Structures are given as structure tokens and as C-alpha cells.
């Protein structure tokens, strides 16, 4: 909020302002390598623009069958890529494995009748709150490189993943073969705006193309400084990591009480908890909000603003069940 | 060939010629209902244009996971529909079942985040040579109607299906709820050109739109009479059924010899046969051509020009194995 | 800013919040008719989504050759409509005339080879700061209705147009045949977010489709309440008109001094002024910012925050030239 | 016809047959340079696929405002390029001039708000039957190269142009900077099928991409040998030039009689002739067919099958007017 208020004065329009101009440097410092960084209003747009830069319309994107880009973006990747094909794969905890990817690639005949895979997209932390380690990402990065595929990471919860890993952001991205990263901000306390980052030798060309897509899709806002200011406020003094650490810590407190109700290990800020309909109703009656997750389960998400005190009531309620 | 030669004289261009003008009436007679009929050069284009008329870009098309539109058209449906989502389902013999479709529909949340299904596409005969009966199609037609979905039939081997069923073409199409049919011609002896047919009260509007897509995709040939003439020659004296009957009969002869090597019942003109690599090599050494079908299997296709005499050598070779 | 700060508390995500829920009613009251209203982050996106709802991919959109959608949106309408054709027309002051539109329509053959016009898009106030009167819009609305075309108004400066006209917003929109309006907010003091409004019997269907496009293009932000709150703050106590009146009044003060340097009458908040390179340099040396407009001219834009005092220095500088 | 009949026997499907395999070599010989050649069913598709290989969706294609791709293809280039922008220019006889192209390029700001030109498309012979000389093409080729644009030639009447020029096909194409050529066959006596040719160092990559588009747009026919056989029959013994010479000669005979009714010089096989409504009716009453060309004019097209004897009646009728 303070950052936004500070940006509330005239400057050059679109991304010609002082805040936007600092993004490349700020993210390059954070990632210890030259980075091309664009603010983009939503994760859906950032993911889709990344894929449009990595995959032609006649190509395919390998992703987990429960990935956000597959399930919850109303086909946005198909819109931005002009009809590229999502190639969903199963996998425990919404993680892709190198073997599954290799098998999928092997099944594609190299003729013009079949869609060739051109990119892999993974989500870190995953849709089930699991975190890919640098080693796991690197294993997928090797497959990608061996087959000439681009590697995209949907980092809507990237901060939570890095907070969990305790590694350098570089370790789990470009050092592990990631070409493009959606660096989440909104789920981590931001108002509007994520960052789309490109790494490596093709970063400049891809970012130039991404700027075209950003404009062409109506995402180049005339007062982009408000978005850039948020991103800078997040990363320039490690606010993004502090927020994520807080959310992760809150999740751990709840996880302890949830015990063997947990359907997945808790590594980031999401808990998937077995709850009967009655139990869910009991919790809701006490004022707790969460999403049902199919039958007999619920998804609990903690956030940056929570600490031991604020989650204590829910922890107690879980314990009482 | 004779039909093409007969069409080899000047007439109005595109679809303004005398042959094209007769298509609606000829197909209406064959299907016992007013039909809108367009010649379209390839099955890929006919299928994709049909889907573009049934499904918006933000919609989804339910199809079998081994359907030609899913596997072998390089994403053509995504191109013509501007990025609609294929929703592949498993099913024995490449057939969709009403239950599988209903389950898939139930899993889609009715919000803007998820792609809404808008059409179902089935292949008759299927990619494994099985034939949907009128009752089976009608059961899917009921699901489609109940959920406001369009129903498309890829009839690349429609003639073989009807020859097997011995029913009226109407019984397995519009009477069973089919809105659009790709009426195959090339696999049944034609040179270039299939027919795209629309049935029912929206036929006229959809055909008008299909004519736009045909032009816009470069499929409105200036000498379309050559395509129309082939289609008329096929249907005006039941050549299409005679050809299909011949191909089916030839397949039955082979099926008898293939015995329990068969992986699927033989209903149309395709046989999927278990063959070791040595057996396949043996057959090929004798001059027989066929596709490998993964490991340890082969796909044999008979055609309209074959009869007992011409398939006898292969039948004998199969018996010898 | 206050509105945004007020929205800075948790609520349902996307457009499920209390602010978004009030948009339809608030705009319906302002326009004296049932209105479907969506917040959309940028004018480019709002214009393009409007056109995607009015024009199929194989259709055309008649617009002025200097319209923003033609010149300055990197082909965004082509992206959202999947390749619809812009049909640019000349016209004094960036205004379309009914005669020019009729002539263009007459030149289109009604066959599948030519792109059929399906929509008209006008900008009010125009790119040269001129204002279409209700009568002028109605004349275009009549042409649109007679030919079955949708009518879209790009109202990036709609507030300035209404402030100039002194009419009801309804008079210059739906009463004059407008089907969809981009209601500008950012150029009138907002931070991020315009409104896309649909009028008339098809409003509900078009808005439903627009919601799909908004999601699919990555414009359905998870914290949409910040946009909705801005729009409500603008219209619920006539702030939008007060801002526009201020900007228009400031422009009039400058217009008086610009005298016969003016290239167009000043009706809204833009002045197009003949300036030699030396004169432009002189003004810039005094700290005034503006866009060059080709050779020997400049574009000056006043805004909501200006009054007699704040523009006095520039007025004086113009007088001194 | 003979070529088609000769192709009427089984071979590998799609473009795996013996005829298709010879295309590259045959066209390479004709053009005295390594050429990548694809058969494509229609000129609309060949033009559009060429442009899709030369221009990204966010780019623009400079073309004459009366070019076939602008006027008569129902927006097909927009479909295949996913919404690239056609940039129409005026020009005498439907010819582009280097100056006009340079002026257009100069008017484009190099920012993301404006669509960058990425290709030039010219038609030879033009829509008014005029022929670009090698020098004229080379002048445009120089502009293209200087600005990093691809150069496409729509050669629906390429044979007529070359017949008129008497030059090597190479002189007016790749030696003059042309990257992609639609080599017309149908207007020159073929049944279905044109050739799309790529020249130069990027030919291989562009052709690979074009093969994807051909499949994805439903233009990879399963019996492609019929198209390849026609193309080979056309070029392997100079039939294409003999046909074009015949058509051009017939046009000259008519041109002599048309005298100062001619609106454009007659260089290929089209005549644009001033005719009153009565004169047109008189000719039609005598059995002659032609297109009206706006008010008071007609377009006469001669073809490969005509000679002095067959055009004599029309020549006489023109003389009598």
C-alpha cells in the first residue's frame, strides 16, 4: 500500500516509468544473473504469455493434469498460444516426474500429424502445496534440454517454495534449467501484478516478444508504475520471503493439529485435510473459511498476515474435531 | 475417375457449379431429411470446421483419447476453433460411453475459470474399427441434448459403419441426435473431398458459418465441381455402400483367419492383429503392407477394390503363421 | 486512493466481492436502463472484448483510420476476435459519418470471398478531442441497425464527451443505438480499470461471453475489488463528471490562448496545436510536457486535477509565443 | 488429366509418394537454386501459409489495397497468421512502389503500441494484369531486406508474368529478393493444387513450419500424389509456359480490338475494358462471359486453351461495338 501510494504521482506512461525501469536490475540482483523482467497483471496472463514465447501454435505443453493452467484458466494458454495443445500427465502431489515426461515424449511420432511437445510447465509450489527441490527441477530441466523444450515454472507460490527450501532463488530456477518464471506476488500479499522473468541467452528475444503479447492482450497498463512499485517493494528488502515464511509457519502449526487427516505433506502454505461434511460444517459454524476439495476433504490456505496467534483458533478447532 | 472426367469442363467457379448445387438435395434424399451439405477437401478440415460451428473458442469438445481429432490432426481442431479445448476420455474400442461423458461433465465447475464442454465428437466406425449402433449414438445424443452440447460424428468410415449395421443412414445420425457429420469419401475410394453435413433446425445457420470457415481456411477451391462430382457419384447410385460392403466383406475373410490374434471384434474394414516382429517381417517379405500398431501388433485395412480373390493370399498367409 | 484503501480487506476473490456485485446496479442507475457492467483493467482489453462479443472472426469492424483500436493497440482487436478485419475509414476530426459507413458497406459483395462488416466502433470524444452529439451517434446507430451491425463506443474520454454535451449518459449511448461502451476511468483519474458496459436485449448474453473472454485473457484479477471500488467511487457521487468538467474547463482556457494555432475545435480535454520545432522547444524548456503530433504540431492534454491556476503558466506561455 | 490418371494407383499417403518426393528437385531445376516446394490445394491457402511463415501474429503485411489477399480471401491471412494486420497501400495498376512502402514503414513508431511490418506481399501479374519486372521486384526486395521484412509473391498468374517478361523464373523471384512464392497452377490449366516455394537460407526452416500449417489447416490430403502429379506435369516439360503464352497471346489479340477502351496496359491474360451496360449486354447476348468491374467496365480473362481462332469471335464482337 505504501509502495502504491508512493507511486501515485505522474510519470511516463505504460512501462516507461522509473519503477518499471528498475525491474530488470532488481530481479537480476535477486537471481544472480541477468534477468528480463516484466510486470503482468495476473498469473493467468503471465503463465500464458510465457508459454506463447516458448511454444508455437502447433506445439504442445506438457503439464500436470491438475496444473492451474490445465484446470483453472478457462483455456487461457490456448488463447495466448493460438491453440497450442496442453498435454496433461498424472503424478503424485501434482508433480511431474522425468520418467513420465520421457514416456510422453516417446509416444509422439515425429511426423506432421502429431503435435510436437515444445515446452514443459511445472508449478512450484504445486497445486497440492508440494515443493520441487532444485534437484527435481534440474532433472526435468535435463529432459527439456535433451529434447529442445522450453521449461516454464508457474511460481504463483514461488516465495513459499523458496522459503521452504531455504535455497537461492537461482538454484531452483535458471541453474536448474528454467527458461521462464511466473514470479507470484498477489498470493503473497500484493494487490495486482506478478512478474514474468526470462533467463538465459534467449531471454532478451523472448522478453521482446512477451512485451508484444502484453500490449496485444491489453495488459500494458498506462499506469504500470503501480504494478512495478509493488514488485520492487516485495523484493527489494526481502518482504516476499518474510511474507512466505510467515504463511508457511502458520501452515506448519495447523499441520501439526491436522495430523493424519493430511492428504499431502505440508511444505508451503496449503493444507489438504480430510473432513467429513459434518466436520466441515462445524468449522464453518465457528467462522473459518476454506474450499471444499471434492468429497470429504478441504483445502486450507494460510497467508502472509498470519502468525501463531491468528491461526491458534483454527488449530484448536482442528484439534477438537 | 469417370465422374471427375465428366466434370472436366468449364462451369461457374467455387461452389457455384451444377454439381455443387445438387449436393443438398442428393444428401437430403439419402438421409430422408433436409440436409445442408458442403464438400470439403479433407477429413481433418471437415471435422475441424464442424467443431468450429458447434463450439466457441472458450469451450471444450469431449472426444475419445484415441480419436483422430485428438491424436492425428496436429491440433487442427484447436486451429479452426481458435483454441477450444479437447477433453479426451478413455473407453474400450475407442468408444465413448454415456456414463463416461456424464462423469466428465459433472467434474466441470460452472464458473468462468473452467472450460465448459460444448460439443461431443465420436468416430463411427471408431479408430479400432468398432461400430456405434443407433442405440449407442442415441444414448450419447440424449446426454448431449440434456447438457446443451452439439454432437459431431467423424464418419471417415461412415460407409463401413452403415454397411455393417444395415440401417438407414438417418438412424445412426440425426435420428440419434447427431448435429454434424463428416461423411467420408476418400477412404472409401474417392480422390479428394469429403462431405460435411448439418442436420436439424440450426443446420442452415451452421452451414452458413461453415461456408465462411471453408473460404477463410483456403478450402473453397475454384474448381469445386471436381469434388462435388465425386460425392454425387458416390451416393447417387449407392456406390458408397457397395464399396463399403466389399471392404467389410474382405475384412471378415481376413478376420476368420486371424482368429484369436484379433485385439478387437472386426465390424468394419480394419483388423488389429497381434503379430510378433518376426511374423510381421514374414508377411512383409511376402509383399503385404500394413502399419505396425505399437509393439507386437499390426493394423490391417481392407478397401473397396478388394474381393475374396484379392485378399485370399493374405488370408492364406495369416493362416500359415 | 481512499476507495482503494477501503477495498484493502479480504473478500471473495475475482468478481465475487461486494464491490463488483454493485456494478450492475450502479451503472444501471447512471444510464437509466438495465446495464451489464464488468470491470476490465485496460481500455485496450475493454475495447477488444467488446468487439469480440459483437463480431465473429470472419467479420469486419468499421472504424476511423485514426481510431485507437486501429493505430495504437498492436492489433489487440485482431487478437481478441481471432483475426477479425478492421475496416478503416477517413473522416474529419476522426469522426465517422453515416455516408462514409454506408458507402463502405455498399462496396462489400455479399459472398463468402469478402469479409462482411459486423460492427462499427466509434470513439467519443474522438482521437482529436471532438465530441459526437446524440444526433450524430443516433445516425450511425440507424445505419448499424439497418445492416445488422453492432455499435461499440470507445469511451476512454466518455466523461469529457458527456461533460461537454451536458446530456444524460443514456442519450449518447443506448438511446442512440450503442450496444457496448468502454467507460473510461483511468484517463479521468483512475488507477487501473475501466468499465465495459452492455445495453439492450442481448446485454446479458454478451456480458456472459465477455466474462469468458476476461478470464481467458488473464483479465479476471483475483482481487478485482480494487477495480470495482475505483469505478464505484467514480460514478456514485458524480466524481467522473466533476473530473471531466475540470479537465474540459482547463482545456478551454488554453484554447483561448492557442487561438488560430488550433487544428481542431476544442470540445473535450485535448488540444492539437500548430507549433514550430522552436516553439515546441521553448515550451519544453519552460517545463511543459506534451506529445509531438507529426511535424509542426503538438497534442496537449489537460486532466481532472487541473484548474485555472495550474494551467495559467501554460496559457501564458502559449500567449507569449 | 493424363497426369492425374497416371497418379491413380496406390502409393504412400499424404506427401510420402513418389510424385511429391520429386517436387523439390523439379522446382530447384526450374529456379536454378535449391527450392523447398510444397503442393497446397488453393492459392488462398498457399498465400496465407506463406505469410504465416514470414509474419508473427503481432506483425503486419504490406500489400496493395486491391490485392487478392486483402480483398477476396475472407480474411484468410488473418486466420492463418492468428490475426496479423494487413497494411494496404494504394498504387497504380495494383502495383506497390518502393517509395510507398518506405513511407508506410516510416510512419510506424518503433514501440509496442504499433504493429510492426514484417512482410511485403506483391502479386505478379497484378490484379490488373500488370507485370512487375525483375528490376521492380528487386527494388522492393531491397526495401524488404533493409527493414528485415520477408517478401512474398502471390503468383496465381506467375506463368503469365514470366511468359510476358521472357526472363528466367529466378530473375523475378529469389534473385530479386523474393523469399516465398505461390506458384499458380489452377488458373493456368490445373485442376486442384498450387505450389508454395521457399528460397534462400531460411527455406528449410520455413518449409518445415509450412508443413505444420498445411497439416493443421486440413490441407495435407491423404492422396496428395494427385496434386504433385499435376504440378510436375506442368513444369517438367514447360507446359506451364506454353499455356501462359497461349493465354497471353489471346489477350493481345483482344487488346488490339479493345483499343482505347482499355483501362490498363495488357501484359498478361487479363483485360479491363470500359463497356457501357448496353455494350456488356450486347456481348453477353452473343454468348461471351466476363465479370462486371464496377460501373461501366468489365474484366476479360483469357486462358491456356484459347488461340487465335477461339478468341476471334470475341475480337470481332469488340471491334463491332
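Going by the order they are written in, the chains are A, B, C and D; count residues from 1 in each one.
Criterion: contacts are C-beta pairs under 8 Å (C-beta built on N, C-alpha and C of every residue); 3 or more make two chains touch, one makes a residue touch a chain.
Nothing here was measured: the structure is a model prediction, and the numbers come from that model.
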**Q.** Starting at chain B, fewest touch steps before arriving at chain C
**A.** 1
Q) Looking at CA centres, what chain is most distant from chain B? A) C
**Q.** Length of the line joining the C-alpha centres of chain B and chain D, rounded to whole Å
**A.** 34
Q. Approximately how many whole Å separate the CA-defined centres of chain A and chain D?
A. 49
Q: Find the geometric centre of each of chain A and chain B from their Cα atoms only, then give the gap between the two centres in Å, rounded to an integer.
A: 41
Q: Would you pick out the residues of chain D that each touch at least 2 other chains?
A: 57-58, 73-75, 79, 82, 112-113, 212, 215-216, 220
**Q.** chain D residues touching chain B - in the complex, by the definition given at the top
**A.** 1, 4-5, 8, 40-46, 48-49, 73-76, 79-80, 186-187, 191-192, 212, 215-223, 226
(Q) Please output the residues of chain C touching chain D within their complex, sorted ascending. (A) 57-58, 60, 71-75, 78-79, 81-86, 112-115
(Q) Which stretch or stretches of chain A touch chain D in the complex? (A) 14, 56-58, 82, 112-113, 209, 211-216, 220
